[in-house]
Each structure stands twice: as structure tokens, then as C-alpha cells.
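Lettered A, B, C and D in written order, each chain numbered from 1.
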């Protein structure tokens, strides 16, 4: 922190501004120390840790079912997928195969989570670029998914619906009907998104060719998720290492080669359609079966190391659990996608304008609690 | 004495003559100044407050919201409540700010917009001063506000503010050109710079219809450049919220902020007024030559309402633009001006001159 | 590729390292001074092509500190785990992988921040989340009477 | 010439794309009845939360002021945040045996993260989620609640 303060003194002719930790465009407590030359960004230094809660340390003193509610608080827009990641790791360690019903429900909810996360991305990205109306349209449609969550899981954003071995409780009888209603509704309204923002000439001018990342750079920096796929890096965990019911559905992995801000945006727009396709394949075929496996009251993982990665809305979330045979894990590591995606922000935005920096950091879709953990 | 809402000239003449009858000419002029000043001040306040309310309501409806709805019926008194709050809000003293310029800036901004209102004809005879270079005066005055913006950005000793102010300077200097040329195009058509004469010339057809394609082009350019000149979205780079927090007025609070806020809305109103006056006939009702029945009906609506209606039509258009589009980047903003609007404008001006020369505009 | 096969290939490229077939992935235990060499060999040879660094986990095994690297090959879609241990708790030093993987920069800063393992050759090794007055919270002997409430 | 046509084509296409954007906002402006705002404190009467909504942890009592809680303390163990405290008491029941019963089931709403583990793991289904969501209070102490009502006792037949 001291370094940043020192360089504010204008002896080296750099104009240093602090974006954040309280700034309208950083979506959280991310602090970017930006060195400028006129409007041109010379250097971006991210300072993080404002919402570091030590989740990995906390996990070492609690049991496996209790870890799940902490993962909700990492990437709160992919809360359900985070839960699923921990559950899959624990189930893998215990050698439990959950019923098909659980797998289907988890997949549907994961895809709904992905849609609502991308909707929020669309909303806030539009707002970052100055199109304030997008924010309300995005949240209006997201509200419908949150209602589905609330009815089935009990929570709107922080769902805590998964448990090792299955789910917390069975789905609500209205779940299928509501989900289908939503998809019918959203297939119509998603065209509005394109009309309002995607096709807009100002938007395209602002985003096309900005913050280019090549495929090699994306792999080298470990950028996954929509950010990596926009650069042509095929990194969809759902496709390459399928978990839950992803091996039973057909879907396309959205890939673009340009790797600029516009295509990072476009990947997410296309993924929403793809997610709706996945849900439509599953929603009518949820098999009968138990919604949870019979679990011991105290879950103890056999000694060893377990790694499982899932595809959240922002990229690959890896859960790495080292167990020493106790009811508490010995070490838990979350490989969070946002943390990795933040690192190349400097090279992406060097030489662009301040407005581009906002667009680039918006297109990375960073969730700060997931970076800090 | 007979007054009518269709022609205010007899009313103003009556005030003038009765004042002059009761006191010396010097005093009478002074009293007239005060009356006009107070009237314009009141109008300014009422329109400013209403515009803030209208903007909030318009954007709310576009965004599937209700907008202000708690203070008064439909939230109509919301802005008055906000104003009262802003009056009582603490004026935060800024360390290391240039005190004099910091305090001066809001006044420059508001006085610039205030002066422009004086030259706008609201209705037949309702006109504070009918300069024979009315358009020239309006252009000159309305670009004064940028001095205040630059001062505000520089004096508040804030990096965001400075960037915002510099952006605003570059923006207004460039777009002033387009506004000017678009208006010059219409001056070529009208053959005069006096606003009252321009309106009179639109008795049998507004200029936007009379001038054919060049007039429509000039109108579009004027709206774009005018929006840019008022620092409103999609050209609100000077206060680009997501980039510069609040741009040049980041450090301002309380009534000084309210001045900037009000001035922004009044600038929008002035730009819309000029557009209404020059392109849409000002207070002149809609006439079609030969259709006397229609013309009579149109004449029945008082000119003041015509003026207000047209102005708010243009204001609504500007709000619509703001709440739909993303913001431009600074280099794109300048590109738009110098690569697109300016060449188009010059071409358009030549076209208009050709049109007038040939006499095709009647 | 079968795990057994992969383990054999990995062993041929990692001389002096202990290669085991772990529960999930092939695991290679490396001495700290061999790490950079072996990681480079595994990254660039045609049979393993480990071009994606998935995660770096700092570990405290009680006596020893260490790091666990998860690599993935984007071509073959297999994963290999590299482990390294240092017994010096006072001044643990491990070679940085920043020259091989850009992604290592942030990962290693995180490990340095939370466990105090220094990385030789890291371009910008600063604390990431916490300021310099904190200890290294992920170490097992970390004590904090104010923020950690034992039940 | 080609670049000139492209120049004008660019302007034209740009304007068209801007106008399509304006149709969307314009549609909502001119179409009445698309506002979604819920005027919250006014619509309290018709506002109904979903059955499963996790508002707070409650302990359902029947009409005889009886509950299911045996005071076993499994919820306390399972709570990740320590927001449940069980204070149990020993009584001698009718058969003359010593029995452990619940004295106070203390619930710190301010610490609860609504993970649902207490409700899920309770062996006698004594806990449930309530739909109350207006939890704001002026004093933090009010967030600490005693879930079993005064004078309540264990329902017969629950072990």
C-alpha cells in the first residue's frame, strides 16, 4: 500500500488516480491504482484484500457440510455452482454416486445460476459503459430466476441448496412449471438485449478491439471461462471433464477467436442461449429418485488429496481438499476464476484509455469476494 | 386596455407606458429591468425543478420503474424537497482548493445559462430583448458555461475533476463548431439573425419543412451537438459516472452542486428552446397555406403553449437519447465531431446556400 | 491416456523425482531446487505439454512447508500434480514458476502472503491480501487471539 | 469512391442501430403497465413469501404450547457460526427418571447465515424456517431470541 501513495507525488510526471475501493465502476472493493499520461493508461496495479475473510483458514476448523455455506459467499453470483463444487469433491472422496434426480436438478440450477449471473453482467456492463437503462432490464429478468431459487431453495442469491450426498430438500412442485415459463419469457426478451446494446454502434465502437488477449496469453495467464473462450481457448469444464448431468446433454461450447472486450461480452450472450438449451433438455426429464443419499451424521473424508473443478459463470473453480481423516479438512484451497482473471488486467489495459479500462475490467466480470476469499 | 394570451405586446407596452407615466425614464427602465429579472428568475427556477422531475419520471418509465412517487401526488414535489435538502446540506470545505475560483465556478455556469434565457422569445411579444443578432448572442452566451466547468475542475484540486474538466473543455470547443454551423445553415435559409423575424418567417411552414433535406440534417446535427454541449449522455464524459465518479463536480456539495445540477438542466432547456425556435417555428402555430380551417384551430392554441410544447418535445428527445445509449469514449467523441459532423455540416451549409440561391425553399 | 502410461512418461521427463499414481492424478514429488527444471521439461515436451497452470496451493504439513501445483494440458486434457517441500520454516524458499507461466505471478503472491514462502525469481513479490504487519495466517502455528475465536 | 460509400453506409447503419435501441426504451415508455416497482411498505398485506423462504429459524409450537425440541444439541454442533446455544435443564419425569430437557434454545439471528443445517439435521424436526423478513431493530440485543416459548414443554411421544 505504501508504494502507491509514494508514486502519487508528481515527480515522475505520472498522473496516478485511485479507482476504488469505492468507485462506481469496480463492482466491489477492488482498488486499481492507475498511472495515466493524459487519458492513456500507463500502468494498472490491482490492490486487493479489502474483503479478505480468510475462508480457506475458516474451512480448516469446520466440518464439510459447514464449508458449503462459506462457498456461497465467495462468488455470490455463482453460489449454487460453488456449493456443487464442494459437494462433488466430498462425494468423490467418499466414493458416493448421487442419484440421477440430484444430478439433473443440480445441472438445471447451475444453468439457471449461469443465466442470472450473465444477466447481471449484462446489466452492469451496460452501466459501466453509460447505458443506464440496461441495468434495470437485466435485473428485471434476473428477478424471475431469483424467484425460482427462492421458491425451491429458500434463498434468493445465497442459496445453500447443496449438501454432500444430494440436496437440502426436494424441489418445489412448481419448479418445472416456473422454469419453463421463464425460458419462454426470456427467449423473447433476450432480443431486447441485442437491440439495446449488442447492435448499438456506440457500444461496438467502445468494445471492439479493446483489451485484446491472444489464445497463448489466455492459456499462459490461466484465464478460463467466458474470458478465455473469447480468445479461442477451449476451457469449458462442462465439456472437457463433465460432471453432474453435463455428459447427458448436447450443447455447444461458445468459442471466438478475437479475444477482445466485445467477444467476451458476446460469449456470455451466447452462453445464455446455450444454457437455456441445456435446461430445456433436462427440465421435462427429471427422473424420480431420492433427493439425497443416506449420509453419516459426521462426514469424515479418507486421507488423501481431492481436486474437482467445475465451470462457474466466470470460469473454472477448482476445489482442492487435503484430508487427514478427521471431520475437519486439513487444507482447503479454492482456485477461484476471478483471482486468475484479474492478474492480466495490467497487460490488457496498458496503452488504452480510462474509459477502456472500465470496459475491460467490466468485461472480465470480476466478483471481488471471490478474488479475496 | 385589452390583454390577450395570443399577443403579449400590448401587455408589455402597457407596463412600459404606465411605468413611464409615473416616474422618470431612468427609474422606469430600472424598474423594468428588475421586473424582467425577477420574472426570468422565477421561470428559471420553476422550469429547472420541473425538468429534474421530468427527467426522473421519463427515465423511470423507460426503465419499468415508477420514479418519484412519494412527495405530493405522483411525486411532483420531490424536486422541491430535494432542493430544500440541498440548501441545508453542509458545504464541505476542500483542502488546498483555490477558494475564489472554486466558489466562483458554479456562479459562472449558472449565470451563463441565465443570460441565454433573456434572448429567447417565449410567445408573441413575450421577449426580454429582441436583439438583431439574437442567434449569435445565444451561441456566444451558451458556450460561456464551459469556463465555469473548467474552473470547477481545476480549482477543486481533485484528479478526477481535472480530467473531467479537460474532457469537457475539448468537447465543448469542438461541438460549439457544429452547433454554430447548424445554426448558420438556418440563418442562410432565414436571411436574418433576429429571432422574432425568424419566427415570423415560419408563419407558413416551419424551417424544418421549408428547408427540405438540409434543414432536417441540420436539425439532427444540432440535436447531437447540442446534447454534447450540455454535457448530457451519451456525451456526459465530463462527469462520466463509471469512470470519474462525478467528474468536474466531484468536490461540490450543497447549493453549489445544486447550481451545477440546475444549470445542466437549464442548458438542456435552452438548447431545446433554440431548436424549437429555429427549426420548429418557436411560438408560431402549425399552419398550412390554404387550409384556413386548420389554421384557425391551430391559432386557437396560445403561442406560449406551442413554444413550451415544442421545447419539451425536443427535451424529451434528448432524454430519450440519454437513457438509451452508452457513453462515447473521448477520442470517439472528437472523431464524431471532426470526421463526421463537421464535413457533413459544411456540405450541408453549401447545399442550403444552393437551395436558397435557386429559391427552392418556398 | 491411462494414468499408468502418463506416470511412466512423466517419470522419464522428471529424473530424480518420485512419481506416484495418486488417487486422482499423477503426482510428482520434487526437490525445491529441481522444481523449475522439471516443470519446464513437463511443459515443453510433446508428450505431456502442461501449458495451463491451474492452481498453486501453499501447504503447511506441520513440520514442512511446501507447494502443490496443478497443471493441465490443454491438448491432452490430462492433469499432473507437482509437489515440493521445504523444511526451513524460518526462511522457506522455492523457485518461482513465473518464467514459465504468467499465471504463477498472482498465485505465488497469494502463497507468499498466506504462508510466507518466498519465491526466487518472482518479479514482484509483495503481500497480496494482507498488510506487512500480519503474520502468515495459513500456517498451522498461526495464533490470533483477536480474530480467531476457538469454540 | 468505395470509401465514400462506406463512409455514408457507416453513418446510415449507425443511425439505424441507434434507432433500434430507441425503439426498446420508447416501447416501455409509451406502453403503460410495464412498471414492475413494488411499493413495498404499502403492499405488506398482499406480500407473501414462498413457503421455503429462509427468513429466520423458528420453533413451531402447537396449540398446547408444546414443541418437538428435546435439547439434544445437534443443531448447536452443526451450526457453523455458533448462532445457536442450547441451555438444558434436568428434571425428573413422571416415571421418576432423570431427563434432560430444553431450558432455553437461544438463537442469535445476527450471526445466522441461513445455511439451513440446523433445520436439516434436527432429528425430531423441532426447527423450521419462518417467513418473517423484516428483521431490522434498533438494538442489537433484540436479535438474540429464545425460540422455545415460556412455559412450553416437549410434545408427548417425541424422543
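We take it that contacts are C-beta pairs under 8 Å (C-beta built on N, C-alpha and C of every residue); 3 or more make two chains touch, one makes a residue touch a chain.
Every value quoted in this text rests on a predicted model; they were computed, and no experiment measured them.
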Central chain (distance from its CA mean to the mean of all protein CA atoms): A
Chain C and chain D, separation of their C-alpha mean positions in angstrom: 41
Between chain D and chain A, distance of the C-alpha-averaged centres to the nearest whole Å: 24
Distance from the mean Cα position of chain C to that of chain B, given in whole angstrom: 64
Multi-chain contact sites of chain B, meaning residues that touch two or more partners: 62-65, 323-325
For chain A, residues contacting two or more additional chains: 133, 140, 196-197, 200, 202
Where chain C touches two or more other chains at once, by residue number: none
Contact graph of the chains (line, ring, star, complete, other): other
Chains that touch, pairwise: A-B, A-C, A-D, B-D
In the complex with chain B, residue positions of chain D that touch it: 11, 18, 21-22, 24-26, 28-29, 34-37, 39
Chain A-facing residues of chain D, complex: 13-14, 17-18, 20-21, 23-25, 36, 49-54, 74, 78, 80, 113-117, 120-121, 129
Interface residues, chain A side, partner chain C - complex: 1, 3, 48-49, 52, 54, 56-57, 92, 217, 219-222, 233-235, 240-241, 304-307, 309, 316, 318, 320, 322, 331, 333, 335, 339-340, 342-344, 372
Touching residues (chain side chain C, partner chain A) in the complex: 22-25, 51-55, 57, 59-60, 68, 70, 74, 77, 79, 81, 101-103, 105-107, 110, 114, 126, 128-131, 137-138, 148
Complex interface listing, chain A residues touching chain B: 15-17, 23-25, 36, 39, 126-133, 135-137, 140, 196-197, 200, 202-203, 205-206, 353-356, 358
